[in-house]
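Below: a set of structures, written as structure tokens.
The same subunit A turns up in both complexes below, where it pairs with subunit B and then with subunit C.
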Partner chain A sequence: MVNAALAQFQQVFIEESLEGLDTMESSLLALDDGGDAELVHTIFRAAHSIKGGAATFGLPEMSSFTHEAESLLDEVRGGKRAIDGGIVELLLRTVDCLRGMFARARAGEPLNDATAEGLRGELAAMMGRGTAAGGLQARRPADQADAWTIRFRPHAGMLAGGNDPLRLIRELAGLGELAVTAELDRLPALDKLDPTECHLGWTIELAGPAKRADIAAVFDWVEGECELAIEPKHVVAATAPPAAAAPVADVAVARAQRETSAESGTVRVAIDKIDGLINLVGELVITQSMLDTFRDGVDASRLALLEQGLAQLARHTRELQESVMGIRMLPIASVFNRFPRMVRDIGQKLGKQVRLELVGEHTELDKTVLEKIGDPLVHLVRNAIDHGLELPAQRRAAGKGDIGTLRLEASHRGGNIVVEVSDDGAGLNREAIVAKAVQRGLIRSGESLGDEAVAELIFQPGFSTVAVTTDLSGRGVGMDVVRRNVADLGGSVTIRSTPGKGCVFTITLPLTLAIIDGLTAAVGGEHYIVPLVSIVESVQLKREAIKTVAGGGELFRFRGEYLPVIRLHELFGCPDAVRAIDEGLLIVVEGDGARVGLFVDGLIGQQQAVVKSLEANYRRVNGVSGATILADGSVALIVDVAGMVRMQSRRKVA
Partner chain B sequence: MAKILAVDDSASMRGMVAFTLRGAGHEVTEAENGQLALDVARGGSFDLVLADVNMPVLDGIAMVRELRGMDSYKGVPILMLTTESHTDKKMEGKAAGATGWLVKPFDPEQLLATVKRVLG
Partner chain C sequence: MSHSANTATASAAEATAPVQYLTVNLAHEEYGIDILAVREIRGWTPVTRIPQAPHYVLGVLNLRGAIVPVLDLRLRFGVVRKEYGATTVTVIVTVAGRHFGVVVDAVSDVLDVAAADVRPVPDMGTTVDTEYLKGLTSLAERMVLLLDVDRLLQPQDAQMLEAALPAAADVQAVA
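And then the complex of A and B:
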């Protein structure tokens, strides 16, 4: 029962400690930037909570480890030690180490490792001690006797502290038989008696074998609030029992956690969101009972009421849908928060000075999107510092300040979330990119390319212009992976570079993966949904606008470039579809950085589609990202634009 | 059984304390920091208050001082949840009016024993 309770709260403890570590980290970084003294208190509190909780929840190794960091912080807090870069650095590494220990605690692995041991030594050295403080202090040998005489005279104010002498005497009675004599000498006359004060004293004869320490323990809370004398009446041979052993790690508890460990799969939801839901459901119930009155038929006189009820139902359904989606929405701050530390570390490593600006941290994203957007963002941030921002000397030569600015901004734009990573560095190096592309055979030497086309080149697989591979970026896993990851989330990445002024990477993401805004297109009696986010335009063309190329491919000219035509009826095998170009419609879509025209019979309208997984219910189909159920109950497939573009480019290569 | 106010900013510690005490049949009200605890204390009456020392907004020691200033909490036992390394905190707590303390780390049995001790 004890272990079950411990196990239950150990999980909660680990979660709150990880949050505490985030707080410690951000406060340490702020402190390093010249933050105020309140930050030290915040950091201390976090360390202190972890220390106290670790011992309580069966993680004593962490407790003693955190104790070292806490002692250091205590000295800083008390003004005995000035905070400097070295301490911040050491404490930041401690934060990292603790994160690792918590991860191992979750996995049920041994907590200590070489890093932890090394850090503990460093912390102790910083505190001016060779080794970690060793365990509990050995207790003084306890006297033992068969009988004791205890004189106990509380000070007048003892009651104010909530300690009742009667309670103490009762507690003593647990140690043996008592004979108590009250001392009334301090008792004032009744008219002078203040009932909130103590006026009595007692002499207590305790019969029975008891230790002095046990008797003293009864009075430990009133030390300094009373006069106390504990004297043995019959002394027995004093023995020195060994000091209590340090608590042993409850390994079983950690093991039991392995199965219940909940790394992900849970969402913490703000109470007001849940209240909103409950409220909506309440309204829905009211509407339902109102509509229920029409069960026996509708007469003309109540038609208006029915319409009103249906309108309410529509509104509640929409609001309920939005609210339920909202539960999956979390602020992007949880992703942004890792960057101050990372930017600082990378900047230091490369000798670059970087100021990080975070904007729109409260913008909310679907939890799934949030979990997957971290890696692409990390890559963009690393690239921006490594390739984008210049060294201080270069910046000065270019007439800019020493400190480069890196900005991460999240915002809502239409039905999308837009995350921008921008820097005020040198911008894309056009010559280097073109040279590399020629070397890689991506373009021909002397080919003239617009700025946009040059920027597109960096999204090619394996493209990297850095001569020397650093351990930060330029490992060949590059922008193509970023684009692919974002495309998997139904989003897109674009880049805007201004030479000498910097680069802006713009990631556009759908609000949620569970619902998409789409355009319903008809193809031979079937319906297909094209995601709105990927649609550029729809055009109707004359027959002669289509050029047929060798191999049977069709192209059409759109804003100065030739785009391939993908006939959906051919791809999906719809026999009764429109075939003549001038009788149907071309939807120009963009995915994976390229555009194609999808040929359909016509458009039916815009609608929100709840995405059902095709993989889960059937199997993966190329060119289809999922399915949805239409209002009439029929199934419509959702077109995977990026997948189609990839299929098209493979066909081109073949 | 007693009405107990448990004050701690750590959800795990507070949860463990409340869970243990409720298991023993006590009625437990939880508060996240000293300020919230004072609000709760003003609106009700308690037989015992258990308070962490280090808390944001209003720490445990300042909270005890405030509580002792309220007529209805003059004689109510208040225990501080302290850590071994801070003996000075115990004395500070005592000076502010705390009845006693419970040293972290403690297990549910130690907690129940201490609560029993203070409630008699």
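And then the complex of A and C:
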């Protein structure tokens, strides 16, 4: 039914509508916290655009569904109904349901499901109840009937608006069997007939169960341009199944769907960013033509000019690079925005009162990083509410206010993005963690550990101190996954805990994944790039400093701890490499929470590397995270430090 | 999936029009590569070796910003590697949206081969495993072996390696 061109616009419509839904959701939450009337207008406008768009882009089910919500909102907007928790709750579920509908629309599946039907009933019931109690309106005519009589008389000028009565009637045919009678009484004599005007009217008998809203939705776009009467022939008892709402499951589904939508392959870019790019490219073209004048040769008199041109070229290239990277940069708000809802839901479930503070939502970071940071943050937030914040009674006992504070803060720090998740709860339970670690054999009992070492324990796979697993957290698949995900993005996670005062989780991330700073290391005539962020130090060791352990592993002492040596030439099979420890260099690197020493021939220098995928045309290679192109056009591989550390620890286990 | 799709289009085309093949020389034999799979022909330039690769994968090269693996057709077929000379070229082919380079001794010709002229490969004493051949055709006294490009860098191959590699890498690291 939907042709290709329409389908293309439908995609755009869906993207826009999802944004509209986000607006609705955040406004609803603000409204719940006592927001002003302007919020109601914002919500209404969003709902109205979705309704109108859905009707245009061939999604009548969605249009009529949204119409119900819009009617409710209209009453609130008109002051006929006061907003309360029940309405907000219902509308939030409507938002979730619409997200589900959009996901299904995208997948080309039928839009309506049981949840939608249930919600529609609830919305209608909410309307009915309010009007009955308030007595502000006459009872609405029946909303559902087995057969309808529709009288449709377009005004003479309706066709000028591009509305085709035939299309409307065809659309009606989607609702049931039609019997259409044309009314010719207004048809003028042939010599007076203006062929651009509409002189016909229709009486349409629609057989088949349909809702008034569905029928009205068909005529949405000709409202005010026609006379329309919709009369039920047989009224059926209003059936509003009081849908046994299963909000928790729904929320989970909706969230999953939102996540997939967030990873769609388009980026919206501000016009000024694009204008900036065009300017830069213009500059670049000018510089190029200036340099082109040197094609015929350079004499000493023009040497200064050449130098100047090259300097300009360098500057413009760098600026262009930064601007292009900027296109991929999006504010972290799109990730933060999901938390108000989530915190509210979890808090209600656990009986905890939580105030959420979001700081630095405008901090921009790379789209790829943004898409992958969501899950670890969700995990940390859940943990903070479940384990960190106490119940109101406990908080009072500890001399704190009833309401716990959860703070999400994003900021730039150097070339990194720092995201902090902090709470003012109880902090880490040191005793419980130590006891659990002893029980699991991670440490010996009686071993004294610093606070940092204790905090480090919770990053162990499968580590959980919670006796009862809830459906929120406590299954022990948590912090290690968080750390792993963050490490995959080239970042790190640290904890700072103050008993009784709360806990701060700090995630440090690179600004972008596309360009890294690296040190070029030589191994047997080949060049490898080691990411600068993971390098701790480079050391040259004496032969005696290496301890060989049973099984062939080598260890060296570095600042009081023994670290394993990974010989790159062995791992990568490089011929003609330096083998004697005292002739080469050890680069101490940190990844995935552990340190190792990488043995190389020597260091060549520092450079920025544009990361290219090996997998695009080949496949993944162990110990290599990608490749880059050197100044001479040849390819150098980038060392995957976290992967190597993991490889090393796997060996240890085996 | 794409493999079968390619074969399907190939067989459909074979039934009607002659197929063009780029012929290349390799160890005194002549091979044909479906010209539609050929993206470009480059002079031989040294490549960057990649670890844990099969012996016939020489490494990767920079194809205008894309990292493209290069395999030596001689090594793939178990022929002794000859010195790279002035005629040695890398033929960049595209199979199922992926690019890779094939190093051959020289390129020689473009041939029109009618479907009727393609004969099955007998199990013979060529140096090449017949698994990688679609068929052979003869032109005057020249015999041209038609390569099944899709199978040179097989995905199944890569997957098997993928599975075997972590263990191999560990052993290597321990050694």
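Keep in mind that, in the parts below, the second predicted complex is superposed on the first by the 487 of 654 C-alpha atoms of A that agree within 3 Å, B and C clash if a C-alpha of one lies under 4 Å from a C-alpha of the other, contacts with A are read in each partner's own complex, and residues count from 1 in each chain.
In the analysis below, a residue touches a chain if its C-beta (ideal position, glycine included) is under 8 Å from a C-beta of that chain, and two chains touch if they have at least 3 such contacts.
On a predicted model such as this, the values are computed, not experimentally measured, just so you know.
Asks: More residues of subunit A are touched by which partner: subunit B or subunit C?
Replies: B
Asks: Is A:His48 touching the first partner subunit B, the second partner subunit C, both, or neither of them?
Replies: Touch partner of A:His48: subunit B, not subunit C.
Asks: Once the structures are superposed on A, label A:Leu571 by its partner contacts, choosing first (subunit B), second (subunit C), both or neither.
Replies: second
Asks: A:Phe57 contacts which: subunit B (first), subunit C (second), both, neither?
Replies: first
Asks: Looking at A:Tyr618, would you say it contacts subunit B, subunit C, both, or neither? Reply first, second, both or neither.
Replies: A:Tyr618: touches subunit C, not subunit B.
Asks: Just to be sure I read the superposition right, which of the two partners does A:Phe13 touch: subunit B = first, subunit C = second, or both, or neither?
Replies: first
Asks: Give one of first, second, both or neither to describe whether A:Val635 is in contact with subunit B, with subunit C, with both, or with none.
Replies: Only subunit C; A:Val635 stays clear of subunit B.
Asks: Do any residues of subunit A touch both subunit B and subunit C, and if so, which are they?
Replies: Correct list for subunit A: none, the interfaces share no residue.
Asks: For the complex, give me every residue of subunit A touching subunit B.
Replies: Where subunit A meets subunit B, its residues are 1-2, 5-6, 8-10, 12-13, 16, 42, 44-45, 48-49, 51-57, 60, 63, 67, 70-71, 136, 159-164, 166-167, 170-171, 196, 220-221, 224-225, 247.
Asks: How about subunit A: which of its residues touch subunit C in the complex?
Replies: 526, 551-553, 566-567, 570-574, 612-614, 616-624, 627, 629, 633-637, 647-648, 650-651, 654
Asks: Name, in rising order, each residue of subunit C that touches subunit A in their complex.
Replies: That would be residues 46-53, 59-62, 65-69, 98-100, 158, 161-162, 165-166, 169-170, 172-175 of subunit C.
Asks: Along subunit B, where are the residues that touch subunit A in the complex?
Replies: These residues of subunit B touch subunit A: 9-13, 15-16, 19-20, 23, 54-56, 68, 74-78, 81, 83-85, 91, 94, 97-101, 104-109, 117-118, 120.
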